[in-house]
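Below, chain A partners chain B and then partners chain C, in two separate complexes.
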Partner chain A sequence: MFLQLFVVNKSGGLIYNQNLSSAAPRLNSNDWLRLGSTFHSLHAIAAQVAPVPSSGIEKLETDTFKLQSFQTLTGVKFVITAEAGTPDLGGVLQEIYELYTDYVLKNPFYELEMPIRCELFTLYLEELIERHSNAGGAPGGGGGGGKKPAGQY
Partner chain B sequence: MATSSKSHQRTGEQAWGKISKVNAELFTLTYGAMVMQLIQDFEDVGAVNKQLESMGYNIGVRLIDEFLAKAGVSTPCTDLKETADVVAKVAFKMFLGVTADVSSWNGDGTAFSLLLYDNPLIEFVELPPQYSGLLYSNLLCGVIRGALEMVQMKVSCRCVRDVLRGDDVNEIRVELKEMMEDVMDEDYKEG
Partner chain C sequence: MIYNLYIFNRKGKCLYYREWNRPQNTLENAADDGEEQRLMFGMLYSLKEVVTKMSTDPASAGLHALKTDSYTLHHLETGSGLRFVLNTDNNAGDLRPTLRQLYSGIFVEYVAKHPQFNPVDGSPIRLPAFDSRLEEYLRSLACFKS
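Showing the complex of A and B:
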């Protein structure tokens, strides 16, 4: 099951955060900002200290959760966390990137590098997460609708 | 080189198949109306050219992410030759439905020309003599500049040949100015 998603712009600022499950820890907005910029720094350090050319932190697996990060060639980082044992999150991150290009970047009122306040993005993100949770979490039980976004957490 | 060009062509076809389309006439006429409005607003062809370029730039910096997300070109280009090929065969195909040819490399491989034989923007256009200085498709130059800038390449683009001005092909000259180093450097310098 997915826990949280956050998006960091190329200068390390947090531009989006969303809880994807009621089991996700509740963070206040300061915590979120700190998390975003700390991850950005660690990502940069990881890429620099690696003995071979590296694209920074891609996966982090622990006993209780896993984290996966996807950095686009333009420098935006999409980071998702999920419960331990969730299958590879790369596909979901790629789909989230596509949603971002459609519902954030194509919104003429969105300014690049600024926090994402696009309801459509959140709506389709929730739909996507629900679709994936149904497909992965409960075999046979999913598939129903999926149009209605999961409630606000 | 030839084989990679072929595979880019295929990637372009696939991207074109996936992406949602809009009626070509609506697109062409909207662009025409926009250029005409700019001419009325600015009353100076040079200013219109500049405005078109800057509008293109603003499109390019956003468009590049859609390209990266959906074109299926997952690995970064290794050199400018590959970049040129990807722009010509994949990006032009994906967003305009046509491909361009890459030609006229300079000696040290930092500048090339994109030849556009079939430009959907100019389908119905005849340039009247009083606007002969107008670079009608200058928006495309801006798009290329904006898109490449987001992937750390500073380039300059200009229309050097234009079918509307009597040439036999549209030629966009792209010159690499510099490869920008890590994006975070500039931010830290200020502090």
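Showing the complex of A and C:
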């Protein structure tokens, strides 16, 4: 089961955060901002202390949850957490990235690097999460893109 | 393939560092040679804070592993705050049992029980028996060279 999602821009600012489950810990907005920028720095430090050339954190495994992050070529990081034992989250992250390009980047009112406030993005994100949760918590499997109406923001 | 191993005490002093394969060290030429170890501890410290914040059960928020595209960091924190950190490539699998054995089977036997070991002052571990037992154990693992 998915727990939380957040998106960090290329300078470490939090631009989106969402709890995906009622089991996820409730964080106030200061905690969220701190979490986003701390993750951004940890990502960079992980590359610095690396024993081999590396581009930074991709996954974390802990007692209670796992975290997976996906960094786009433009430096935006999508970070999702799920309960421990959930299979690979790469597929879901990829689909969220697609939603971001379709409903955030193509939105004429969206300014780059600024917080995401796009109704359709949130709507289709909810639908995506629901679809994957119903598929028995097996993200990335089949399904493909949901119904996406073209030309609407 | 196993790259390197760190042991930290709970105050962040690096008690032990050993490397077997290390193609890259970005802080090799740092003015102060403890720089790299301190950065590693700093990362673990902040990671713990992040993990505690995001955990569904704040009482149990232990980090097991951190994966990047090229290496995996395996992590074990003991009840006394000691941290064992082992870096490997991404094909090593789950090394939690290995770290536990390293702690309870080797560290406790050869370091904690050694009369010269002082758990308080955080001085580096220099015990030849520990070195050789550790070396022997890690070399016996399937993931050491492959």
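Some notes on this structure:
What we mean here is this: the second predicted complex is superposed on the first by the 136 of 153 C-alpha atoms of A that agree within 3 Å, B and C clash if a C-alpha of one lies under 4 Å from a C-alpha of the other, contacts with A are read in each partner's own complex, and residues count from 1 in each chain.
What we mean here is this: a contact is a pair of C-beta atoms (placed from the backbone, for glycine too) under 8 Å apart; a residue touches a chain by one contact, two chains touch by 3 or more.
Everything quoted here is computed from the prediction, not taken from an experiment.
Contacts of A:Gln94 after superposition: chain B is touched, whereas chain C is not reached.
Set against each other, chain B and chain C differ in how many residues of chain A they touch, and the higher count belongs to C.
In the superposition on chain A, no contact is made by A:Ser22 with either chain B or chain C. Listing the residues of chain A that touch chain B in their complex gives 10-12, 44, 72-76, 94, 97-98, 100-102, 105-106, 112.
Across the complex, chain C meets chain A through its residues 3-4, 19, 21-27, 36, 39-40, 42-43, 46-47, 49-51, 53-58, 60-71, 73, 87, 89.
By the touch criterion given at the top, residues 3-4, 23-25, 27, 31, 35, 38-39, 41-42, 45-65, 67, 81, 83 of chain A touch chain C in their complex. Considering their complex, residues 61-66, 68-70, 76, 150-151, 183-184, 187 of chain B touch chain A.
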